[in-house]
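Letters A, B, C, D, E, F, G and H name the chains as they come in the text, with residue numbers starting at 1 for each one.
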């Protein structure tokens, strides 16, 4: 098993954190993991993304050229990464902010109204967690439980107070995806 | 004909200038010339020296390892360079400041009371010119005339006023050497 | 022909900093409920009739989103 | 045993800067006619009887050539 | 109806990459307006710093030269001496001008180089993500002063206007702010004056602008604006520190 | 008879390479005496500059560290923070401290680093053969200002005491001179005080010493001494620019 | 073995430095290594160390001199342009034989370039970007675990040879998060610090300097002494890793992130029956020239392929090792771009066809 | 041919720069090149130029950027430690494609070292001591005449390739006085300066920079463009001189002052029947690898002897050119010492026996 995930969105959407959550959970589950944030050419106000690998094998290259899963939180990210997804891979689209359909026909697509769900969960900023929940549902890689246990280990102290909302967002994303699927 | 001259003394004794005078005169006379001041390890208060080559042939290495003539104005310089002189080369010693005899037996030595003669010429500081005059006398390489014509071309404007004294010092050094020889 | 607006705000250019809101001495401007395609709530020319085209909102707008007419 | 001098000047160490000459309030010191082995005229404890060991010559001597006794 | 507030000619119609409420954007606009009003766009050269405003030449429609971090005033010196007919503006952040570029700043000022400096003091390293700047306030937390800047350990914030006004050569030194409209208007005047000085050959002109960095201060724009008012201005008093033109006129 | 003036313990019995009448030699002696009198030879570390005094550690019998040109105060910062129990002295020329080392000087001073600086202002680059220093006087000819320093082109001489006393952190700033006996004695006091401050943990102490460079000024020692009196002191007034100890006591 | 933790390369190297006993850090912010000063600013005070943000990289490297001369373990870090500013200081440290660890998390150059990951300071690091005859040991980690382990080694090597040591990571290594087990402190016995400045109490005064003016030839003598040290490093400190070289016909040579991408491609190629191996230099200087030379001698080795995140810098060292005995191919990406698996695989196929 | 004058190397290079149209000089004093700023301070005002003593070498190289960006011919000079301080600036100039001439009159290193003559900045100059993928043309004169001639070339090359050019002389070249004929201004046609900043009047605004952030890959594209320029330089600008190579069995490779000492020894050896020749690189980068490679191919050539005033830096380039085909010997003096005729001659005899 080797999962290569790219999570991408605006600077403030918490994509790096979402990636770190996956990596941490993978580590706890005894997998090999790696996580690389984009920090390269992007400037303030541009897009941010990160590449996560979770694998049973040793990870040689930590760079992700062809993700098995792509999670996109805004439109520029979809445009940028759509073509790179491995055939029969997955694309999870935040349809709250992306008014465009995925063109690729050889991939599995799931549209999630992440911002809307996040607002319902209690904070519009937890759309990243909604997407993580949805991804869990479609891949079944980890349990909701382990990922929620990892959560407090990757968020900053200051943001621990949002823990409950984040957990709810994960659950609601999970449920949405299960029902949609 | 290849003359390799090292002129050495204290910092203030004008050895660099003396070397430049030789080089300039050599150039005017159609020779190939080179001049390298020591500027290396010496510090203030240390010794200064320069290496001059005057030759009919093209000058490959401008560095002088074995001078054909050594002109020393103070004692440390004699100690430093005595051994390097080429066999049957010449050593000209400023005996006003050097109370030591040349040990080498295979070289031609001339002792010149340069400071004393310089005082007589009108300025104790022209001992360098006295030595140049003496060197001219023993090598016969240039005429007193050409060297005196070169003089104003190598001294700084500020020091042009000493021209007459310098010329006199050259003449007196020349005479001294002629008579001594 | 309808009279053009005194204040024209480029919605897509607005970053929602709210400096214009504070700068307007007449409380004309308000923040939108919606977000623009960059994800920002944006400034809206709301209480139009109170505007006297004093330009202060435009003066402070960091992103040159506001043009004022008189 | 002759009384040692009040001022002892290390001739070979002197660089002939003449600062001590100017520093002495009693005109005790003078420059030599001769030069030392470094080629400098050097300071000489000349008018010895006028010296009161005030140390000022030594205080200014850059090269620590002067020792003063009292 | 006629437009009474429009984009200045010199400010390109391009979205800027700055964060919401960033002072740089306002200052770019004021600089552009000043250039327009003085009619010098065609002979202005902006020396761009390393810092958040490293892309200033994407926004200003006039010639621009990069400078290595801290070296903007060395570059401006070479440039102005080579092209005295041009109007040279060195635009720098507080890290750029007051940390790594300290020597270049002091010496350009002391030589009285005949260019204009716009010094954006946002009390932080914006571009690199919020480290301490020489101008970071006492107690202010940053990435490299996580417990707040401790003046006992690393000294108090550096006041550049005060420091430079000890020098003879500078013609004009003023500190302004862009945290509210009133001050934005004053800043505009100061920048314009700095350029005008240069056109008239008056010599080194230095405008320090207190500027918001909401992102790295961890504040909303509004909080940032109040923070300047309540914390920065008391330590960095606004006003003219030096004006040789005034002195000259007074005499 | 008993010796009333002898070589201080810390000053090695070695001939110094300095030119006749060079101020460095006098200052070395005063520093040695101060170290002796305070009994700190065994815990003093002198940071040697690049400049004519680059060999100071040949003359002072205490620990010594080289520093790259201009970086003495950065070295001293690292050293003092690593060895707070030692007495660290940064000994620097005017080229070293006020040109290439400007940033290091301003920032060490502003941080209030707890070491002592001896700043030898001889208005010239001695070691490299007489080029303009930041402190070269207006009109003074040097190798790189052959027609005399022109303040209109390259600014007036930089006054470091004045500049630094604008900063909050420094504990003590004084300017003295070694051009005659009276002033040599005052210089001794100032140097000793700078060291004493450090022992007491008072913070950054800075002593500027006006010093002769007869060789590169093209003067006899006597002329050099008068030149300090008549030309340097009027521009570089002697005296205490800052003394936090005094302030503290006064309060 | 200790507990696995998840850390970013830039933070792991800090924690490891602290384990190695480093208590002094002087540095200046620059992307992509800003996590280093941030981490040190938080952690060093907790261990009674001293973090100081210098006014510039120039000051930082000279503060490093100051703490080093005091006998303390000290480090700095920066990225390419900042490291260029330290070249004078590094040359001074080498000249004065002062230990120090300098971390360069490389970005794209020349000039301001970009902040993308890069390996284009290879020449600067391995040839001495500063003036004069000197070398620095250069360690090139490929993972978060390795950058942590390497820091322990780096401080030891600096002390053993009294020479600056450069840890050369590309931006990916610094920014990447991976699980690691934090290393244990070293147990090596180190040479006595009989040169440290702490006041001439009960001993003769000491001087630490790089200037050698007298007697004449003093600097040459010193340089020859340094040279001997460098030769010793060449004899003792070459480190590299081999992957599937026993039957390789094509030998890839790559370090850092490039080596990891190369390994993925190697595996893929092996899957298709191409006999590809990888030699990964861990020390870039001293370089594993002997190992490469021995491979070049083997009949079965047909060619070498150097992979770098630059325009071909290590390539020169590979050429010097192979000395014309076999073909050498090159695949490089530059300016902040990373090697592309597909492209590199294409290159391998090409070589085999 | 003009009149012969007697000048010091440091002064001849200045006068020649002025003949080449250089009107801007920014620099900072350092031995052994202090005659350069002193000369420029006197002469530039006479030709309406601008001499400015910078507050440091760092400022100097960035002032050079300022005048260069303005389209003026500009130079700086320094010696080894000062050149190390300029590495960031040189990398920036190369990245932004700005012409400039940088003179390095080398002294002994590392660190403060000594002020004796040296060639130990060879690596720094030829490999790019700064960060990133870039090169500078490096010209190495051997005499006062040649340093004067080379300055004319240097300014042209800088303009043609829009790249910094380094003139690398050792302390002897700078300090030596020899007769020379001052060169004539160049008559080459140079590319149009369509990038110069002089105000956006009647044209679009221009920007000169080394930063390339967007689009993604912009820096890589730029670096590949630079690489093409560097390849062009390698094709067109290799300069070297041959001495008695037609029948040589031993080929000495040496530049600058070392080459002159080598020539004396070569003559002496020839006098005794040893077939010695000399190849003297004038450009150190691009390096005359082809010429050396061709010699290595010749059966009669038995060996090479590299002579340098360092511990063996050009030696690497010789090895890269010879690629193991022939033995390579080395004779070097370092730390401010010059090659000794007797020693070198001994070495030659040794090789022949």
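As a working rule, a contact is a pair of C-beta atoms (placed from the backbone, for glycine too) under 8 Å apart; a residue touches a chain by one contact, two chains touch by 3 or more.
As the structure is a prediction and not an experimental result, all values here were calculated from the model.
Within the contact network of the assembly, the step distance from subunit E to subunit H comes to 1.
When C-beta pairs in contact are tallied for every pair of chains, the largest tally goes to G-H. Between subunit A and subunit F, the centres computed from C-alpha atoms are 62 Å apart.
Taking each chain's centre as the average of its CA atoms, subunit B and subunit D sit 35 Å apart.
Put simply, the C-alpha centre of subunit B and that of subunit C have 87 angstrom between them. Each chain gets a centre from the mean of its Cα atoms; for subunit C and subunit G, those two points are 54 Å apart. Contact of a single residue of subunit C with at least two other chains is seen at no position.
Each of residues 40-41, 43, 45 in subunit B touches at least two other chains. For subunit H, the set of residues touching two or more other chains reads 31, 52, 55-56, 58, 81, 88, 92, 96, 111-112, 114, 116, 209-211, 213, 218, 336. Residues of subunit H touching subunit G in their complex: 58, 80-81, 83-85, 87-88, 91-96, 106, 108-114, 116, 118, 120-121, 123-124, 127-134, 209-213, 217-224, 226-227, 310-311, 313, 316, 319-320, 323-325, 333-337.
Taken in their complex, subunit F has these residues touching subunit H: 50, 54, 66, 68-70, 95, 99-100, 102, 125, 127-129, 131-132, 134, 143-147, 154. Here subunit D touches subunit B in the complex through residues 35, 37-39, going by the rule given at the top. Across the complex, subunit H meets subunit F through its residues 28-31, 34, 37-38, 41-42, 45, 51-53, 55-57, 81, 111-112.
Residues 24, 26, 50, 52, 54-56, 58-60, 62-72, 74, 88-89, 92, 96, 197-202, 205-211, 213 of subunit H are the ones touching subunit E in the complex.
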